[in-house]
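Both complexes shown next keep chain A, but they swap its partner, so chain B is in the first and chain C is in the second.
== the complex of A and B ==
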């Protein structure tokens, strides 16, 4: 349900990111502190100004706050699942809007690359329904879960591998313009097809990266944000809903029904519609989720995301420049956090060679058992 | 071919024990809520549909339909290295419950979404029979 009274009341004041890639000398605490220092410098605030802390993927809140010199009035910590970036940002809005905290730091640290994280195999619990239940059949990994959805979408609507490849290619072209991106070499459709299958129909280039890095965001009320170093980026709208029931298996509707609910909330709050978005940041754990979001949020009709992504529509200069940083596929696997930061930087006009002209409204969205969306704006309303 | 079965085996004790005991006896057993009559798997103490605690295990038709499938080219366990590429199917049983499994006696290129399939009981070790499917 859209809550219009919250639209534009909270703003992003500061954002910070580390280098991305392989950073074995940094643990998740270090990566979080590095990003937090960048975010504080970005808005000109000090550690003592932070009175709310929301941590994601960092192992322990007490140790983190001890290391960072934080004694906040509100503290919480969340598991390292990508869907939590949107959840955490919305929690920060609620804390600030209710006055429970004035200035909230959201901090994420991920050393997955150096820690040797595997998304599949003996330690996999993604949609598992219980430890090891499906392993005897060789079923494992979030990639396979999305491969099942992609295969069904292909048979149901005629979506093609070429179209998935178009998504991956667009994001790589964007990454080529982003000095911070881990993978910057553009590739052709032939290269895409030549990349090995991991889980058919998905190729290696349909999969997100695994790398180290940290991200931090600092949110405060709109009034205070106006007096800080950078212009405020207002949170104009958001929405969230879950589809946990039956979620051991891929949903029949590719999460379209819950996404429609989230879309109503986010667009209702922002007083905007899909066509008003100047850029999109879509949680790209795998290319098919980009397609599912475009359908579920109403950018195209059900089943038509395949043709929709052709002809450079998602590229810079296209109708809906998407994941202008390169996203999880090519910039960095920061589980939604870096996409939210990219949205903020686009609205501020800080993106250099990859800047979208007049980016006034930028939307973040995710397709998963928790669907979230955020709409960021240059103006408060 | 080695005598030792090296692939992962399911935990056959605990709440799902009747499912695995049924498979050994050639039956597809599912837990059914005695309050709302919904079938469910994996097993749980409370029914996810009505939170009822009363349930029993019933033999089911073993009939279902392929909802989707995917082809593993990466072996996440060394014991699967000789099988790649192999396919995993998502099957919806007539009773509404879904399972991940494999098809037997179907060449890869013949797998189709919407295929009608029936349970096939595959005794992989003395203790464990897996539930696979056949057209």
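== the complex of A and C ==
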């Protein structure tokens, strides 16, 4: 059930991002500290103001805090799975709301590009022990898992490759307007079809990037956030649930049932509905997850996400501008973190050529065995 | 070293692989709620009971979804590219990752039946063939 008492009580005070791309001279600690420096400068706080630390993908919390000179009242670290960005942000809300910490730094550092991460093959650990069962059949990688889901959706509902291509093209167009994005050259539907299959029906252009970078967010209570350098961006609503049972295999409902639960919580807290959202940030590890979120969160009916994404609906100027930064497909694979930062920057009106006019409410969503969503708002209620 | 990966056998999954070696498909089944499950584990994931018994499955199921892999993720699969990977929903409910032998066109919902392939002295893999109508 929506916990309305937490709606708008916590705000994002500062956000920071590094350059993205291939940054071999930086390790995940360097990237995290770089991003944290930017986030502190963004809100005008000092490192000594941070009393809660939540790390993601950075290998070791002790080393990170030693290097940064942090001695917080609360410390935790989480694995580098994209679903954890939402989990971490919600944990920060709980810490701040209960008073266990006043100002929480969330820090993410990823040197996957320089470290040669592949997300498939013998080192693949995606899923709950699935690789031990899949490898003998040559099945590996999150991409193959999502290809299985996409194929089923296509056969069940008539979703087409062209429609997946529309999603990828929309995000690339947005990236062209984002100086920070790694991939900025727009492509046509013909280019999309010409890009090689990795796992059918998914083409290379359905896949997210692999790159280096860091992201940090600083959250604090709404009252304190009002007195900082930037206007607060309030966390108006959120929700989380998991579907671990049977999660070795793709879910037959594309996670629709757990997403509906999360949607009830997030919209209930925010007192809003899908149509009220001015922009969407959807965890685009692969194009089909964008479709699944649009259905699961109620932007369109079950099975209708294919036609829904046509005619530029997800593009700037369309009904629901989505992943205005270019997302994981074209800006940078920062595992949800950079999408949450983009939500904050949109609400603040800082996005320049890709700014959504009057972005008052922006929603982040992810479809995975842990589903999370946050609704960011310009006003506390 | 160009051998294909073998399943990682754990104490929980050993009876499954032992049965495959005997060309039988066995499922851990809960004595309390009667549901079979995969992957094998120490308790029933539906009711947390540890009263489990291995029961033979019919070997029949349907393709619940499928993909064709084009990327050479494993060197040993290079000559097989592109190859299919399917998700089978067994008649009894649990799902299995496998591949289909001898089929040109795959489709969600097609009926399949298990077949066994002895890939090494100690390992036999379940694969599936389309049921002939």
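Here are some notes:
Basically, the second predicted complex is superposed on the first by the 377 of 381 C-alpha atoms of A that agree within 3 Å, B and C clash if a C-alpha of one lies under 4 Å from a C-alpha of the other, contacts with A are read in each partner's own complex, and residues count from 1 in each chain.
Note that a contact is a pair of C-beta atoms (placed from the backbone, for glycine too) under 8 Å apart; a residue touches a chain by one contact, two chains touch by 3 or more.
Keep in mind the model is a prediction, meaning the values are calculated, not measured.
In the three-chain model built by superposing on chain A, chain B clashes with chain C.
In the superposition on chain A, A:135 makes contact with both chain B and chain C. Once the two complexes are overlaid on the shared chain, A:144 sits against chain B and chain C alike.
By the touch criterion defined above, A:120 lies against chain B and chain C together after alignment on the C-alpha atoms of chain A. In the superposed model, A:249 lies in contact with both chain B and chain C. Common to the chain B and chain C contact sets on chain A are residues 120-122, 124, 129-141, 144, 147-149, 151-152, 155-156, 196-201, 245-246, 248-250, 252. Interface residues of chain A facing chain C in the complex, by the touch rule stated above, are 120-122, 124, 129-141, 143-144, 147-149, 151-152, 155-156, 196-201, 245-246, 248-250, 252. Across the interface of their complex, chain A is touched by residues 7-11, 16, 42, 48, 67-74, 76-77, 80, 83, 85-86, 88, 90, 98, 100-102, 113, 124, 128, 130, 132 of chain B. Interface residues of chain A facing chain B in the complex, by the touch rule stated above, are 118, 120-122, 124, 129-141, 144, 147-149, 151-152, 155-156, 196-202, 245-246, 248-250, 252. Per the touch definition, chain C reaches chain A in the complex via residues 4-8, 10, 13, 38-39, 45-46, 64-71, 73-74, 77, 80, 82-83, 85, 87, 95-99, 107-109, 119, 123, 125.
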